[in-house]
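Labels run A, B and C following the written order; every chain starts at residue 1.
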Amino acid sequence: MVALPAPAAQRSAPADVIAPALIFVALAAVPLVASVGAQTYVLDLVSRIMIFAIAAVALDVLIGYGGLISFGHAAFVGLGAYAVGILSAHGFGDALIALPVALAASALFALATGAVCLRTHGVYFIMITLAFSQMMFFTAASLAPYGGDDGLTVRARSTIAGFALMRDALSFYYIVFACLLATYLLCRALLGSRFGRVFCGGRENPIRMASIGYDVFRYQLVAYVIAGAIGGLSGFLLANAVEFVSPAYMSWQRSGELVIMVLLGGMGTLYGAVMGAAAFVLAEEWLSGLTEHWKMIFGPLLVLVVLFARGGLVGLAARLVRSKA
Amino acid sequence: MSEPVLRIEALCKHFGGLLVTDSVTLAINPGELHAVIGPNGAGKTTLINQISGLIRPDAGRIELGGRDVTALPTHARAALGVARSFQITSVLPRFSALQNVALAVQARSGSSFRFFGRADHERALNEEAEAVLAEVGLGARAHVPALALSHGEKRVLELAIALAMRPKLLLLDEPMAGIGRDETERLIAVLRALKGRFPVLLVEHDMTAVFALADRISVLIYGRILASGAPDVVRADPAVIAAYLGDEME
Amino acid sequence: MPITLLIVQILNGLQLGVILFLIAAGLTLVFGVMNFVNLAHGVQYMLGAYLAVMFYGLTENFAAALVLALAMALLLGLALEFAVFRHLYDRDHLDQVIATLGVILFVNQGVKFLWGAAPLSLPIPDILSGSVVLMPGLLYPVWRLVVILAGLLVAALLFILVAYTRVGMLVRAGATNAPMVSALGVNIRRLFMIVFGFGTMLAGFAGVMVAPILSVEPGMGDSILILAFVVIVIGGIGSIRGAFLGALLIGLVDTLGRSFSVDLLRLVLDPSAARTVGPALASMLIYLLMALVLFIRPAGLFPAQGR
């Protein structure tokens, strides 16, 4: 069992402030740096990275800090996306309706499934979350009025209070950026709060926490619901970005991809999840350009990362910094 | 004579075919330090686990301050004031000593469903936690991660966490386990200073500590209480000497 | 609802159950004995099917194809074990899941690379093709009956092996407490290999059996893997008995649910609502069942490690 350093919320090393600051500054600067010709492509790509990063950051809270290895996170993303798609199909294209519905739907699903999943531990938890994700996939695929297996096109990006603020690639980019920043800051605050301390303690030693007087299950459920709602936000933005919703958004493979992003970046750091999302999407973009069979390269790469680079990108960077010092 | 803080009646527990707790009846009075001694495998830790709620008894009753808690989960009993230390050190390894204790203080200081405001900076919690750590002699080690503490320091931290709960009943499961002579002396001194503040159920093998601290002693052999009473009485009881104390007194 | 339709669907449910058992048995043993979550177990099933198609193409003989496919599936499985899996036994479950996910990606794509993405099929051997009359008005494909019988036979063999042989006893002990078995001097690595190899062959065998009736395509292992997970979660990890009962339960519930959900819902809803909600509800059925079981028994119905 690899011992991980203390969760970032319990540390206060300068790296934990500088690294995320750099990341967010870099993200904010992307539109300014991207060349005119490729700008839309770059903006779309990085928007997509940030959208997955939102879901991945929430997942890192569960996995990296709570020790809750959820393989069902894609279900929340998918629910948020379908909220947009279904409402749009019925003529409700404004974010003021779609976003609360997306958040509520994912939060409720998280509450219902979390109440069952969190009673299990270890591998059972992994499998039951994975199964719920797949359940949502099949449910969405059987919704014939909403495209079923083929998915559903979203008529247009959501308006915000009537204003078409998301139609333009640049303004959409900054809206997504703001959401990611808000998500990051929210999760940071959450983890450092009283609630966060209990939640992290529940991972460290649940029996000890119970013996002090904490009903760890309740704290885990609340965290699960919050993470689910954030997943719904990610889905809301995803549906708007791609203007299409598909049952595949909820599949267990997508859930696995989110876990990979968290692991790739470095669990238990929050900003690692952002880096992991970037690494994953960029690797996919680059490798798929090389060959249609890029998964034959990506698969073994994953195995190698697990075997040799357990701390993810953050871990690698930390080792580099240490060896230079 | 006031109401016992803890009353156990006819507690029974089987593990498969093995009877680990055999109709145990026990009462602990306010301010009393009650030691439970017995050979390994006698069921002492199982008894503590049943009192703290980690294990459900098969039969019998557990009453805390007159209230039936037999079906109550561990965290609810802790909220009622049952604090315990574990035989095998059970702390939050990657949290500092201060954080470990502060969490115990936090549990009785209002709601922990607060999502904003850095808990580590809450002065009230930290001050109380620091005071408890000073009381047990860990003041200088407050900011050390628990896993970096020595074994003896961890045992003391266990005690500190329990004390920080301002318990109505303190369950100590072999607090002296595995620590050296000097640290044992220090721990005995700490426990002696605590005596009278709240009732303590002390499970221990170290007879020096037991006879230095206990107001009453119960002897547990194969899950049954063989004898219970004042230390001198128990010490002289021939059945107890035969079954357990015999050579221990040398 | 004609009784013949009900019987056909029950038989279909049994057939699915038996296939699920073959896959779940290997999965639950590997997890129970080796504490190894093998997401890549589904590719063993897929490889069995693909290898059967390939060898049939070479030999034009089903029996030969079966034997060769099983042999090669075993070899490939052991190769994977040697190259990847054995480095993961000491790692935590997250590592195991991600690494085996990587293996799935590699093998699914590899299969696409070698055989293309179009679904393949395997013809049923002549003497076993066609349907048989079970009851007046009830025709059922012979091959599906063969699958059911073969599966039950393997299940029986497995039970005997596990309950009455020395290796079986070691496996049961290992599923209850592997470190203890190792401490008692048993060559745990060899035991692991036997368990793993056996599980691989069971999955491969299932793949060969379904190749004539399902489309053999990349990713066919993934969806059945999830079902297998539901089976072992319900049945209890490490328990073959649990896997057997769980598999039959899931097979029947899923098949009957899908066939009759719309009809049953028509009793309470109007036809068009029933037709919309029915399939959705049917897909959710086994997951709801899993949730129910885990709510009551968080460690499954017959966990090997006791409650």
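Going forward, a contact is a pair of C-beta atoms (placed from the backbone, for glycine too) under 8 Å apart; a residue touches a chain by one contact, two chains touch by 3 or more.
Please read these numbers as outputs of a predicted model, since none were measured by experiment.
A.B. asks: Using direct touches as single steps, what is the fewest number of steps from chain B over to chain C?
C.D. replies: 2
A.B. asks: Which chain, with its centre taken as the mean C-alpha position, is closest to the global C-alpha centre?
C.D. replies: Centre-most chain by C-alpha means: A.
A.B. asks: So the centre of each chain is just the mean of its C-alpha atoms; given that, what is the distance between chain B and chain C in Å?
C.D. replies: Measuring from centre to centre gives 49 Å for this pair.
A.B. asks: When the C-alpha atoms of chain A and chain B are each averaged to a single point, how far apart are the two points in Å?
C.D. replies: Once rounded, the distance between the two centres reads 43 Å.
A.B. asks: How many angstrom lie between the CA centroids of chain A and chain C, rounded to a whole number?
C.D. replies: Centre-to-centre distance between chain A and chain C: 31 Å.
A.B. asks: Enumerate the residues of chain A that touch no fewer than two other chains.
C.D. replies: Residues: none.
A.B. asks: Show which residues of chain B lie in contact with chain A when the two form their complex.
C.D. replies: Against chain A, the touching part of chain B is residues 52-54, 73-76, 78-79, 83-84, 86, 90-96, 99, 103-104, 106-108, 111-120, 122, 145, 161, 165.
A.B. asks: Residues of chain C touching chain A in their complex?
C.D. replies: 31, 37, 84, 87-88, 90-95, 97-99, 101-110, 112-113, 222-223, 226, 229-230, 232-233, 237, 276, 279-280, 282-284, 287, 290-291, 294-295, 298-300
A.B. asks: Within their complex, state which residues of chain A touch chain C.
C.D. replies: Its residues touching chain C are 1-2, 63, 69, 71, 113, 116, 119-124, 126-128, 130-132, 134-135, 138-139, 141-145, 252-253, 256, 259-260, 263, 293-296, 298-303, 305-307, 310.
A.B. asks: Where on chain A does chain B make contact in their complex?
C.D. replies: For chain A paired with chain B, touching residues are 5-7, 10, 189-190, 192-198, 200-201, 204-205, 207-216, 219, 222.
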